[in-house]
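These are the structures in question, set out in turn.
Two complexes follow with chain A in common, the first pairing it with chain B and the second with chain C.
On to the complex of A and B.
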């Protein structure tokens, strides 16, 4: 026990002496939490559109007003013909063409229906899809408004309609930042827990100090614990800084219990530290460790549902994510921060991450030899 | 009791498509309180032997004991009582001199104060720099710190793997003086070095090459076993002289050796006059031939050339 304390003292001494790493530990959560949620957003704003109005009627002007007033669209120009509008698309000036045929108003009044033509620039599928979706909803509102106008006139009887409205739970405004901030918190914990721990042990190998430690009465468990405990603390510290910043920046704080969050992150860190230890056993140099760690980190994070939802992945990829510890932390963080899940709601996540902790650490201890 | 005993130790490494035998059936023993040197060029197998004895490496075959403890079954006991200084400087460069020493003392459950007298000689020279980081020390200072760290838990036996490689001549001499003082305190020391001039500072040495031991004896005995007259030959054109000496019929061996060429002859001393005649005929200027006492290096060169007794039997 006394030996472990001395080992820990040495580790902390080395960590606190490494000014660059120390600064990084503080800078990392600040910069990532400011940068990523603001940059990586799926909301598409400022879609530009061109109007080809062949009708020039009151109703067509109303329709165009609906578009510009929606806040999603910005009018690029009034084109004389479809070809002229297409030219604007080719110049990348406009995303959507709205063509209103001649006799739009007349048809609408006489036949009760009329046609509009949309063409979206699908170079960016995301923008095109959203542009059409927004446009559709504007048209729907528009036709409802007209209908309401006409219904109020007694010449038509009331038509029963079913209207579907949806409300988004736990994130009412569908704010993408709220979706990504808990994920970034998970990313930070992973970075410190996995990358830093594996590099630290390999460093002892690289500079040869591990040989001196091996020819000493230090026990295996003492050495391993002395390597894992400092990064366990650092990981939780980074998480705390992350919580503070996400509150200041985005007003986000766990709706659920902080303690459940820390407990989960604590167990998760044990699992990842074990994985870092396992990496360091096979790597001989920091360069190798870095590359192995980077390889796994990239897969873990991209398959962890940080940016793209796991539900959107093909089946085989979804099965892969079951063995990805990062997935569980991201999920747990989102459930905790947005939904306010309790320990009982997260029981399966706890169970799985505890299993990860046992498997990774078991493998690491099994493979770690004091002889070189 | 012998401090170190090795019996038929074999260690092989798997290299690409072949197997390299690093230690080939090596047996020797070191007496208590002895300063024993493993002398040989790089790749002779010295480091492998050190690592087997310090329980860092498992031998393929053979038995090894340190202070009576088997290196495989009682490795924990051995780790308590040996001091090991690896060939490469391997202390924490980001910790200060004092922190390093303190750390190595505490992991052996002792303190600097407890064993200060043992390292006092060496550590006193380091004390002015005790708040300096180990990475910022000079080469000689680093070696002194490494030795202090290996000594701080008062080991009964000290393993020093090439402690003076890459250290300036003055520091090397100081280092060997320190070893002598440690030996006087009763610590058994096993040291390896590629420098032949350091060999004669040991009580006994083992000359090693390609994983085999060529000879084990005291340095004077090894020199005595040389058994031939050795001549130092010098002329103005040393390169041509080497070629000419090697083509001379009665030359047994000839090596470039600092200022001179060291030469042994097959029919000594009969052919010495023939040699003088021969050198005259080859137009060498200012030729001198002097009989000299052989050194360890001459013995080593001779042993390298001649097949070992075992190979003759086989």
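On to the complex of A and C.
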């Protein structure tokens, strides 16, 4: 026990000595947590569109008004031809082209049927899909209005109608920030913990101080613990600061119990730091450790379900996410903060992350050789 | 010149000796591109849902059948009670629930109105909205089938063309984003670390007292990584075209020239990081903790910049990846030429010059 305390003192001294790093591991997450969640919005409300109106009739003007009045669309320009509008798409000025053919009004009134042509910039399939869906719903409303103008209503309501209502649980205002903040916090804690731990042992190797540790009477598990505990505290501190910021900036505090959150984060950090230390033991130079860390971090982050829902991935990618510890932290944080899930609701998450903790730290202790 | 060559040989020896790093450096972009090109798709597939059918009649059976046959929903048949559904939401087992009112068919046929409620887990508002849209569309479709006999007057039909990406492939968004991200992060990280490493181990002093000019020392450190980046670009482009099925509509030469410029920009950013940090750990924290999330979130790769608040739109202009992604999308997918992207190229060039100037100013010959 005394040996461990001495080792811990050494580690803490080394951490607090390097002011630049200390400042970074607190300042960078804070700044990012304040700024970045605001970038995350899928709400598509400023779709720009170009109109190519070949009809110039009262009805076509009304239709364009419906678009601008809907709140989803912003008129970019009236183009003279389709090609001119396409030019606007190429310059990224406009997302959607609405082409109204000549004779639009005449055909609608005389032949009961008319045509509109859309072209959407589909490089981002998601935005294009939404833009077209909104545009179609505007057209639907528009033709309903015309019908109401020309036909007496009773005939219409005689048609059997299914009334669809929808409700959004856990986040009734559909606030995207509520969704993204717990995830970003989870990622920042992960980055800090993993980057610090993965470079630690290998640094001692590279500088040569590891040999002094190897020849001193320290047990392997004591060595690993002395490396783990300081970063564990750092991680939990970053998490606590993160909770405070999410409350101040976004009015977000866990619906569920704080203690369950800390318990989960505590076990998660043990698992993560174990993985970091394992990387550190495996790598020969800091550079190697860094590249390995970079490799795993980027995959963990992008397959963690923060930016693209895991359910939407193909099966093989979903299997990959099962061995991604970050996934469990992001999920658990969201469930706790937004849904108020209890310890019992999170039991599988706890079980899996505890298993991760044992496996990674076991491997770290096992792989650490006291010989060079 | 001969001095430079000697130095270059030394650097190449360093890099080639460390097989593991080399493997990561060259293999990593391949793995990442493939994972992200295939795994990250914008479309929703197979969400688990529950159905609370309080009517259990012919109509609801038909609608449920329709929902089941769509490729979007997987119905969990074990959930039949209200309380169970609530619990399933909390454990994250289901993403949505559809509730049919009692006497659904009777109401629909005789009162001409029946109610169905869609409850979505809006923890992820985006996904919730999509699921509600899909489910509504299926139900509306059923209703349209009922009403087929009386065709509605004054109907406007629409024809839609999805420009550039008719099959709405996810790779069209993810590949340019991944290219921008990988090239920037790897290049910045590699150069900053390799320079700082010499500082940390003390070998920098030996280099600085040698008859080489200091800036030549830096150049000789950057060139090998420049070559590695070029190899990465080649593999990324080959994979994108032949495996992920992306087109190169515009000029390949223009694409390569802009990519080289982007790599220069990233490398000079790496040099800048190396002048700020004394330890490899500090360099790594800046290049990973400092860059990773901002590049993912502000480059327009994960979220459209047009929807961001004003301040972040301004900030996004300082992320080189943003400009590179615009260029790649333009040249590869839209097939536009120099006249439409010269502005972006100029910005990247300006950033490169800016990073280099600051680095030169901060570079200390004495340690």
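A few remarks follow.
By our rule, the second predicted complex is superposed on the first by the 285 of 372 C-alpha atoms of A that agree within 3 Å, B and C clash if a C-alpha of one lies under 4 Å from a C-alpha of the other, contacts with A are read in each partner's own complex, and residues count from 1 in each chain.
What we mean here is this: contacts are C-beta pairs under 8 Å (C-beta built on N, C-alpha and C of every residue); 3 or more make two chains touch, one makes a residue touch a chain.
If you're wondering where the values come from, they're calculated on a predicted model, not measured in any experiment.
Of the two partner chains placed by the overlay, only chain B lies in contact with A:13; chain C stays clear of it. Of the two partners, chain B and chain C, it is C that touches more residues of chain A. By the touch criterion stated above, A:216 is placed in contact with chain B alone, chain C being left untouched.
By the document's definition of touching, of the two partners only chain C reaches A:168; chain B does not.
In the superposition on chain A, A:22 contacts neither chain B nor chain C. In the superposed pair of complexes, A:287 makes contact with chain C only, with no contact to chain B. In the three-chain superposition model, chain A touches both chain B and chain C at residues 18, 207.
Residues 18, 20-21, 24-25, 28-29, 32, 35-36, 38-46, 48, 86, 89-92, 108, 112-129, 132-133, 135-136, 139, 142-143, 146-147, 150-151, 157-172, 174-176, 178-179, 184, 187-188, 191-192, 195-196, 199, 203, 206-207, 283-288, 290-295, 297-299, 301-303, 307-309, 311-314, 316-317, 320, 331, 334-335, 338-342, 345 of chain A are the ones touching chain C in the complex.
Chain C contributes residues 18, 20-21, 24-25, 28, 31-32, 35-36, 38-48, 87, 89-92, 95, 108-109, 112-129, 132-133, 135-136, 139-140, 142-143, 146-147, 150, 152-166, 168-170, 172-173, 181, 185-186, 189, 193-194, 197, 200-201, 277-282, 284-286, 288-290, 292-294, 296-298, 302-304, 306-309, 311-312, 315-316, 326, 329-330, 333-334, 336, 340 to its touches with chain A in the complex.
If you check the complex, the residues on chain B that touch chain A are 51, 54-58, 76, 79-80, 82, 84, 86, 88-95, 99, 103-104, 106-109, 149. Touching chain B in their complex are the following residues of chain A: 2-3, 6-7, 10, 13-14, 17-18, 207-209, 211-218, 371-372.
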